[in-house]
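Across the two complexes that follow, chain A remains constant while its partner is chain B and subsequently chain C.
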Partner chain A sequence: MKRFGLKTLLATASVALLLTGMPMMASAQEPQSGGTIVELVSSEPPNLVGAFGGATTLHEISDKIFDKLLEDKNGEYEPRLAESWEVSPDGRTFTFHLNPSVKWHDGTPFTSADVAFTMTEIWKKFGGILAYGRITGVETPDEHTVVFKAENQIAPQLLLGTLGNLQGLVLPKHIYENTDYKANPANLAPIGSGPYKFKEWVKGQYIVLERNPDYYRKPYPYLDGIVVRFERSANTRAAALEAGDAHLGVRSPVALRDLDRIEKLDNLAYTAAGSEGAVWLQQMEVNLQHEITANPLVRKAIAHAINKEKLVSLVYAGHAKPATGPIPSTIPSYTKDVDTYGFDPAKAEALLDEAGYPRKSDGKRFPLKLVVGNWFETQSQSADLIAQDLADVGIDVTIDKPAIPAFIGQVYKNYDFDITLTNSVNYSEPGVGSLIWLWTKGIIPGVPWRNASHYSNPEMDAVIEASLVEQDPSKRMEQLHTFQKLAARDLPIIYLVEMDMINVYNKKLHNVGNHPRWYYTNWEDLWLEH
Partner chain B sequence: MYALLKLILNRLAHAIPTLVGIIVIAFILLSLAPGDVVDILAADGSIQDAATAAAMRAKFGLDQPLPMQALNYVIGVFQFNFGYSPIHSLPVSDLIVSRLPATFLLMASSILLSVIVGVVIGLYAALNVRTWKDFLGSVFAILFFAAPSFWVGLMLMVVFSIKLELLPVSGMVSMRINATWFSQALDIARHLILPTCALGLFYAAIYARVMRAAVLQVSKLDFVETARAKGVPEGAIAFRHILRNAVLPVITLIGLQTGNVMAGAVVIEQVFSWPGIGTLLFDAVLDRNLPVVMGVLILSSVIVMVTNLIVDILYFILDPRIQLEKHS
Partner chain C sequence: MKGSAFLARYLSSPSAILGTSVIVMIVTAALFASVLYPQDPLRSVAAPEIWPFVDAAHPLGTDAIGRDIAAMMMHGARTTIAIGLIASIVASIIGILIGAVSGFYGGMVDNLLMRFTELFQIIPNLVFLIALVSVFGPRIEVVVLGIGSVSWTGMARLVRAEFMTLKNREFVLAARAAGMTDLRIIASEILPNALPPAVVLASLIVGAAVLYEASLSFLGLSDPAIASWGRLVGEGRSLIRTSWYIAAVPGLGIMLAVLSVNLVGDALTDALNPRLGREASGS
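Showing the complex of A and B:
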């Protein structure tokens, strides 16, 4: 604070304001340095290195310690470890000019060797990431330049959108080289280059991150430290926030029905901002290997029979909105110009009759097994509501709510379901997580969050594959629109709602939710009023 | 003394086959649950193709037939090797040892609280039988017996942490303390109060009921009348003659319920984020982390066995008649 002029700070604040559309009140104040905050998370991560892949909580913490070449702000790319970059016109060479002043937390200078090592040894080997799979060569002409080469073209958005997302965390070569990467002790006490340094991990209780004084992006970070506390019970999280024991919980840390009460408290506030570029969809995979559900008329009938508005109001207490397709409405490549399936039980019944499944003497048409991924309370509640909706049109639904490991095996390995209820996270760049669900190459038995429907359509495959290599942004946009149209037409997956991911925070905390993928970013500009 | 030693050896001889039985049955039951740890690792993106998944299963021994896996495990346990937790990348024994002190602290303080509160209320109620004091004791017992402990925990949190702001909501230590040994102990004690009450009051309710009934029964026995006839003061009768006899069923219960207290601790540790083996077990069950679940199960069995042994020894000391029966 004291080291920097008011002008810089105001400029920073107003840039933040412009980019995010935050409420005036919050950002109009001058940021203050210092203070340690307590963040509550629902589970303890197995390690702190997001570069190997891993669950949400792991990434939330890892992204504060490690840094990326660039930052994808919903299609806008900002420099980070790379000060600038060039893409060759043929889409086969990507050159990154690195910031020479960056140091790892142990003082070792950051160089192009680190990036090359991470690409060849980590990114390409772990995580099964589409963009990295297409990189065929890495060159380091000097210490601060790294070149990625690809024999086949890569769409620039695909590569930049992956590097700028949570798959882009760069690891230190000097720590990992010639070790068993996944057993490296640094996975539990990481050395990164981001705004916060790892300080301490008390197993079962909390992780302490402290300010990196040598962070290359001045004046960040503002906070002296972040304590990440593991708090498994939503009720306890609400109590800890309310009592002022903690400052922040992300991704809907409390029960949605508690939010009305929290809004009335003097010290707390909540916002749904900060997940526009990392949207959680609630979706229903339909098994195309089964005779009844292979019929498109049946799938359309199911889509018409489910009352999405009721899901939003009853299950999500209004903190969601109906979804139309595989790319959520806040993502730049979204189109609303697709087949939609409004709530229309009469039409659903007509479609089912047409499909050759009339109501029998007991009023039922056929049975379906609904397998629910039961990780959120809202999943189980939605299942009950959907079963009622489907019963109304004569579909006899049996709900199966296996434990999470059993769900994964049942749906993604044994394909033992008619319909499912699950979630997907969809990023600004659809190539990161949205395409694979509907691609023939996404049918990989035993690997979850892939094409469990067994949807295989050459037209769709051609569009997906074209979007991975397309150099012209406007043509690529068209391809992604076609992708959404085909998905909505064929309905191998029925998209239900886009869920709001709510951040609950102490009002003394500023800049909460000011990035489209906020909880996965490094919180360099988060500050505490004191 | 010889009899006591014989008792202890006898119990230990029984313990080993029991333990083997528990391990084998638990291992088979747990393995029957659908889904394994590799599925969980795959779910968070660590595994992306079928070949890696198969290699991982081979690495963790999950590809071997079940009886083989069980046998390997039992052999390992008797070499004090409880396996390896793939999720934590740590040996199971390290994990358990690191979590054990917190759970022992919570269990010990809860048992202590429940015994003191239960015995005092039960005794007091019985000595004032059919008065409003007795009635008040019954209300206490019914209330805390009926209320689920997690709910009691949340209510205590609302009253003492949010409304009165007296005690911390959860956790075991305040992180911002730069502490001396003494202030740290004090800090842990403050964090311990609410979980202890939430867990202990349920058992206090049971002990109060049992104690009251036992006191009423004992106080009608001949030796109490004799003492009274001899002119022993009422207070001395209560403590010397009644309490010592009436407390035996409570001690039996403590022994029987140690396992339950551990189970209760699993729930309470969740509510208060108490970093004990309860949270470890809960996470391990969700993650299908079989080695950790097994380790905690074996540990719990051993604890229950040891407690029962201690109860037997206490019986021996408190009630000389048991000793005589064994001799004859």
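Showing the complex of A and C:
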């Protein structure tokens, strides 16, 4: 009797739940507050302050804790710490009106002094950022107004696009003033002004962020907290997501070939959305200091010899597309009107013959050393395929896959390579990450992700430098198009594919990938159905 | 010791026959690799993730980027054999040299050489190997010499012990009385008698060397231009949930290779030292 009773009760309850559930389902897109999610990341950052520069994971976490003056949404700027701003017509004065209600996580009010301090003491001193290098004076007429001045003009998009990106996180003056900035204990337990507060860091295991109840953008954030767990192995990440132990992994947390299986699971979904404004390119730097590769015909031949479609289908399982130039296709200033190099081994061979490197008796033309930045499995797989493609046109490739620190030294300091396989991250504003690779002033021995090709072309330099100061948006667009055309014509870097950065998430999680630079944003509107 | 008696004793053990036949299979695979798969085994030749026994053209299937697993297995067998043998020879040469000198002379020489040996013994082998490969680059020569240089300590200690027991035997004393030089006594009197256990140990080092190479390639630290079983396991592990055969086929290969080498090693021990075998079996 009792069992029957319980069963009836359960049945009634579930029917009731179903009935009441229906209107609930209809309004399921109404965000719910509360809940803590577990995010899986592949590596542990050395600290949590992105303002000093550093690896991707560091920026991902730092962006949840700190806030910026404004947010760049692929060329559109939204107010954040600054409620509004004015750019003087001559492009020399940038005035920001700050939100007076913002407080740091320790309760101290946020003021213009914090912004001025961060600009002069942090941004200008660390990271070598193009836009900040051109700021020559900072004024704080009152507590909630800050003015950046530049003796030479700055293109507004360059400064706003930098402030609105991960280089724009503002640090608290009262914590950092008169300290050794890089050794400040707050770098490991940061005090920010963003939607999530730092709570705990168990080294080697996880970082806990909790909801900032005083966040100035109500009703955000929705989540009570985010646990960022370090998990090296893609298989373990896939298993944890599948079992429901974790809710989210960003930037392709599982093997791309595993996504088909993930998609069929009831509780998981994936999306490539959320990286349109922070695009990872796979590219090949060519060393112009070496006699053979200094020949543009050889570079063109290499470009024609590599089967990009095959890279997309085999290595990336379709989650990528062939790249045409230094600015990816989802960025507003992209142009497809550039020299392109389709897969054409016969043409590649003709170009190599023309360049004066005929096949010798053993069928080979010349050897090349391919140095691979081996941080993704896709890098090493691509290297194998590229070596075969080049072998087919008579180029004898030796693959070298040094450890990551050794790679950086070998390529960006000693320039000991013929061709490389590396990645670049390209943002909505090309001045943040795309121009420096091809600028003569980007040849800085010892600094990674700069002009390792030693490409130096006065025509290119003129275009890049013009784009840094141009006030007219349409003229600037033209300059950026010329930049892409010159890059594709001269080929100091051969652009291979634009990689999809896949977010894998639990279906209960909403608003995943809703920003063009999603994994680098603060996730204030991320919410969990419960 | 008579050759035929040795062979008879060796073949009387079923595990020896099993081990030997697996090794013969691996050697055959290695010999015919270039005949059956003349192309570079690291070439992508077909669609990715074809399962084994589905496509006759690719009997063991293809991996994540469409490389033929059978081709990589056969070419990988060469790598396995080459690394196992050469590393074992390198280790044996170093180990026998140090062990012989140490055991024969004793005293201060012994003391110094054994401390030197201990220095190598206390460094975790795999960590030392990884360090070597990181410094000198992931080339096959470095890998082989590296494995050899971490595997010789057991050999040195064994040979030293043999020398210490043998050096005071009558035949050695007689050789000394006859005025033989130390070098001749070591090389022609003691060493031949110390060799049987050394040969057995050398065969076991082959197995260990195969495992070291597999571990290195699993971690992606071996020569990127060479097909090897460990590399295949390492690259296949990211698809373990869907296409598990990519890691399983070479994994099985490594297991069989190491197992058979050990079986052969055991059988050699019995065959080379019949008394030990009889005592152990109680007959």
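To be clear about the criterion, the second predicted complex is superposed on the first by the 502 of 530 C-alpha atoms of A that agree within 3 Å, B and C clash if a C-alpha of one lies under 4 Å from a C-alpha of the other, contacts with A are read in each partner's own complex, and residues count from 1 in each chain.
Here, contacts are C-beta pairs under 8 Å (C-beta built on N, C-alpha and C of every residue); 3 or more make two chains touch, one makes a residue touch a chain.
None of these values were measured; they are calculated from a predicted model.
With both structures placed on the common chain, the touch criterion links A:V447 to chain B but leaves chain C unconnected. Within the superposed three-chain model, A:A406 lies in touch with chain B and with chain C [touch as defined at top]. By the document's definition of touching, of the two partners only chain B reaches A:G53; chain C does not.
In the superposed model, A:E210 makes contact with neither chain B nor chain C.
Of the two partner chains placed around the shared chain by superposition, chain C is the only one that A:T398 touches, whereas chain B remains out of contact. In the superposed pair of complexes, A:R261 makes contact with chain C only, with no contact to chain B.
Once the two complexes are laid over each other on the shared chain, residue contacts for A:N235 go to chain B and to chain C alike. Of the two partner chains placed by the overlay, only chain B lies in contact with A:F126; chain C stays clear of it.
Between chain B and chain C, the partner in contact with more residues of chain A is B.
Chain A uses residues 235, 239, 402-403, 406 to touch chain B in one structure and chain C in the other. Note for the complex: chain A touches chain B at residues 36, 38, 43-44, 46-47, 52-55, 58, 126-128, 182-183, 187-188, 202-206, 208, 227, 229-233, 235-236, 239-240, 242-243, 245, 402-410, 412-413, 444-449.
Contacts from chain C toward chain A in the complex involve residues 40, 42-44, 48-49, 64-67, 134, 137-138, 220, 224-225, 235, 237-243.
Chain A meets chain C in the complex at residues 234-235, 238-239, 255, 257-258, 260-261, 310, 314-315, 317, 372, 374, 377, 380-381, 383-385, 387-388, 391, 398-403, 406. Of all residues in chain B, those touching chain A in their complex are 33-37, 39-40, 42-50, 53, 87-89, 95, 98-99, 102, 154, 157-158, 161-162, 165, 168-173, 175-176, 270-273, 275-276, 279-280, 282-283, 286-288.
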